[in-house]
Structure formats: C-alpha cells, structure tokens
Amino acid sequence: MRLPNYIEDLEAWKSEFTFSTEIKIRFSETDMFGHVNNVSPFIYFEEARTDYFNALSYTLDDTSPSIPIVADLQCDYHRELYFGNKLTVYVKVNQAGNSSIDIHYMGVNEKDEICLTGRGALVNIDPKTKKAVPLDENLKAKMLESKSS
Amino acid sequence: MRLPNYIEDLEAWKSEFTFSTEIKIRFSETDMFGHVNNVSPFIYFEEARTDYFNALSYTLDDTSPSIPIVADLQCDYHRELYFGNKLTVYVKVNQAGNSSIDIHYMGVNEKDEICLTGRGALVNIDPKTKKAVPLDENLKAKMLESKSS
Amino acid sequence: MRLPNYIEDLEAWKSEFTFSTEIKIRFSETDMFGHVNNVSPFIYFEEARTDYFNALSYTLDDTSPSIPIVADLQCDYHRELYFGNKLTVYVKVNQAGNSSIDIHYMGVNEKDEICLTGRGALVNIDPKTKKAVPLDENLKAKMLESKSS
Amino acid sequence: MRLPNYIEDLEAWKSEFTFSTEIKIRFSETDMFGHVNNVSPFIYFEEARTDYFNALSYTLDDTSPSIPIVADLQCDYHRELYFGNKLTVYVKVNQAGNSSIDIHYMGVNEKDEICLTGRGALVNIDPKTKKAVPLDENLKAKMLESKSS
C-alpha cells in the first residue's frame, strides 16, 4: 500500500483509532464502472464524522452560535469498493488547534482490508460573521482523549 | 409509450410547455447497471424547477417569509438515460391553487425522444409555523401565463 | 393525513408490511431549507428495496441474465424529516405480474409518525435486449408471501 | 488565501489553466448550514474532468480496454459557495506518468474569486485485471499540450 504523506507509520496510525461506525453502501453510490463512485467516500467520511461528533454529544445544529466548516478534505483510494461490501469507517481527531481540528479517517471492508484513508481540517466559525471562533475546551479535550496513545 | 394517468392527451400535454432547460448528466449519477440511476431524475426535476422559478424571478431563499415545500413527486422512466446523453427538461405549472401548485415535467434526449415524464405538487408554507400560506398572486399569474394554451 | 390514491385503507395498508430497515439520514442529504431534501427519500426507497431483496437472497449484479429496472416511482411527503431523525422504511411487494412488480414504501420517524409513503413498479429486463423477461417464480412467490394478509 | 502544498506560486499556477467549464450548483447540493455541502465540490471536479476529457475526445466507456480510476483526491475550500452562485471550474493535467496523471482544479465564482482548489491522481487500469496499463501517448501529449506554459 502506497502511504499518503499524512501517515508516517501505518501500524501506529491505525492503532490510534478508537471510534468506528458501520457505513451502508447504497446502490445509487455506484457508477457505470461497476464500483463505488469516487465522490461517495466523502459522503462516508461526513457520516462517520457526524456519528463521531454525536458520540461525543456534539450536535450539529443550524441555530448554534458556532458551526464546524470543512477547510480541506482528501481521500486516498487504496482498494475499490463495491455494492454489497461491508464498510467500517474509523475516525480520530489527529490534532486540535484553537479553532480548528484535523480529522483522520480509515475505511476497511469486511476482510479488514484498508480501502480508504483520508484526512481533513474543520474550522469552527461563527455562522453570522464567518470568522473563526475558539472551540469549546471540554469538547476539544474529549476529542483528543478519544485518540488512543 | 405507456401513458401515466397525469397525461390525458400526449400531444396536447407536450404543446403546453414553453419553458425548458438543459441538464448536464454527471458521471456520478450513473450506477453499476451502466445507466443513469433512478434517483437522478428527481435531481433534474428540481434543477429544472429552480431554473423555471429563476426565469420568473422567483428566488428560493432561506430567509423568505414563505418557502415552497414538495408535497409529492413522481417520475415515469420511459427510456433509459446514459452518461453522455443531452437531456432537456421541460417544466410547466399545470394547476395553481390558493397555496399549492401542480408542476409537470418532461425530459427528452438529443433525438427529442421522451425519456422522463413526471409531476409533483408544491405547497407554499411559512417556515416558522409550517402552515400553508397563500401564494403571491402575481407569481401565480405569471406561472399560469407561461403555460401555453 | 391526505391519503395518496395507492392507499385505500391506511390501517389495512400498514398492516401488510412485514419487512423494514433502518435508514441513516446523512448530513449531506439535508438542504438549505434546514430539512431533508426532496430527492433523498428516493435514495432511501432504493436502499430499503435492495435491503428487502437481499433479505430474499435476490442479489443485484451487473452480470445477471436479467435485472430489475425502475419503471416509475412516486413519493408523498407527509412530514418533514431532519438530520438526526431515526427513519425506518417499510417495503412490500403489493402486486406481481409476469415480469413486473409493484413495490410500496412507508417511512416512519422515531415517534412512529408516517413521514413518507410511496410506490413504484420495477420491470425485469434482459440487459442486452432491453426486453422484459419473466420474473423467477420462486422469487415472486417469496415476495408475495412476505406481504402479510 | 492559505496556499495548499500543491501550489507553489499562485499566479503561475493559475496561468497554466486553459480549459474551464461552467458548473450549475443544484439546490439539492446545499445543506442545512445554508451553503453548498462539502461533498459537492468532488461532484464538480468530476464533471469538470469529464468535460475536459470530452474536449480531448477521450470518452469514458464501460467497454473500453482501459479506464481511468481515481487514486486520490483533495479539495481546499477557500470560500463558501451558495445556491445561485455561478461556478466555473478550471482543469489541467499537471503531470503525466506512464499510466497515471495528476489533475489540478480551480473553482471561481462570478466575481472571479477562488472558492475551491484541488488535485488528484488518476491511474489507467485494465478493468479486468485491475492492473495499471500505459496511457495512450497521443492522449497524454494532448493533455500536456493543453497546459499553457
């Protein structure tokens, strides 16, 4: 497996994930090449991320004083996914700054083979001013604690 | 062509459309059966509907005092669509009530063959109370005028 | 609740469903009106339908001698859905012909309130000739048996 | 604007694009935060890429002896996009190897402000063996020529 630059040591990187969620691949997410379309993993990363936030009681709400906005996102496709595959996506907060967090993702199939890896930063903003605002310290602590060391 | 129950006379029905818009079929909207997935035409109907509204200067905005909500929607798939097809979707307001409108759709390919027909009602609601509110009379008049007779 | 024309008696109609599946509403399936977009229920119907087929050991495969193609599809939106709602979609084969089946759907939220109802016909075709071909009799029998009477 | 690591000099990077395509933002691609969802730019990148391929007479077909598979993909969100924005996506092949190409993307709004930048590698594979196969030399030459220097 070709290692993306956000993974230094694969075994160490894998071992830090403590949260995962099952993703149901939908028929409409395949394409005419017969496999899961390249856009779909970003849907799965978002689903895994919101499940992870939910597990930390961090709810996304359009009336909140601050909301997390995606600043960047990337995915490496290590193995094709097909309709019928069982996909588990792992999520961890790799780093947390004042108002931003760097989230890492790993997607494995039913044979525990890595199909997807990825990462992306979220920035916490005030939806009215669009300015970055500090993340809640308790939430940040919970996120960093959930990364096993 | 099997005629859906919302079309009495096909030629008369077709002749009433005066608005149409070009839809770009996207690769990600195909599925592993090699054709456009059955969910995608509802994306196209929505795109055609918002283009039609835009042509009538009716803009969808989450700060408006009233917004149009889809009450029902249906599509008949008369001919498979493929990536690379040129799709034109026609839209007309078939009927307008006090707070609701019945919109009809027809999608044709580059050979002018009917691939999709459909319809669906929108209800104009107050987003705060979720109650139906009357449609603007000017807008309603413009919608009904745009249907050729 | 306004009754669509494919439901005669709501209680009788509801009581015939024996299969259901949990659907995870995804954040990307909401829209700027704050609720689940009108396109998304068709994704859910397809997911429920393929789960139902899977439960009957009827697998969708692009190498099969025949594949089920959607002939028409409709949805009635009885109640808005939101991110965070728990959605259960029920599926039944309402009628089965020689090569086509009429499938009915009902989506309820965590309070067991009906949010979505729908139906649509599938036609079994030969993917090479695009002609309708008879459905497997055993499969058809299993589908009709799964509808409780 | 924070510069991603795949852009050394922004003005030089921008000046190399010679191909662009208009993208229609769809209502269903917004989310409950009121803006375009973070998944949607990957749909736009794919649409821009297939338009670019089409302009080079490189057609994607599930019966081809070789098909381009996405190896990785990334997007930087520099400015929020909204329904109603006019989006133009620029595409260039930044580098071409034996069987893979590195494609860069830039999305600008109606004020010519950069909203999205991105990149991703495609690998040309034999769909039967899943092995990488060399790209057609003529196609590769045309791709590299289309990048202005």
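Letters A, B, C and D mark the chains in the order given here, with residues in each chain numbered from 1 onward.
We take it that contacts are C-beta pairs under 8 Å (C-beta built on N, C-alpha and C of every residue); 3 or more make two chains touch, one makes a residue touch a chain.
Here the structure is a predicted model, which is why all the values come from computation and not from measurement.
A centroid comparison over C-alpha atoms places A as the chain most distant from subunit B.
Remark: subunit A and subunit C have CA centroids separated by 30 Å (rounded to whole angstrom). Computed centre separation for the pair subunit B/subunit C is 22 angstrom, with centres defined by C-alpha atoms. Annotation: 35 Å between the Cα-based centres of subunit A and subunit B.
Across the assembly, subunit B contributes 27-28, 32, 34, 37-39, 43, 46, 60, 62, 83 as residues in contact with two or more other chains. Taken as a contact graph, with one node per protein chain and an edge wherever two chains touch, the assembly is complete, since every chain touches every other chain.
Residue ranges of subunit C in contact with subunit B, taken from their complex: 4, 32-34, 37-39, 42-43, 46, 60, 62, 67, 69-77, 80, 127, 130.
The residues of subunit B lying in touch with subunit A in their complex are 27-28, 30-32, 34-35, 37-39, 83. Residue ranges on subunit A touching subunit C, taken from their complex, read 24, 26-28, 34, 43, 46-47, 50, 59-60, 62, 83-84.
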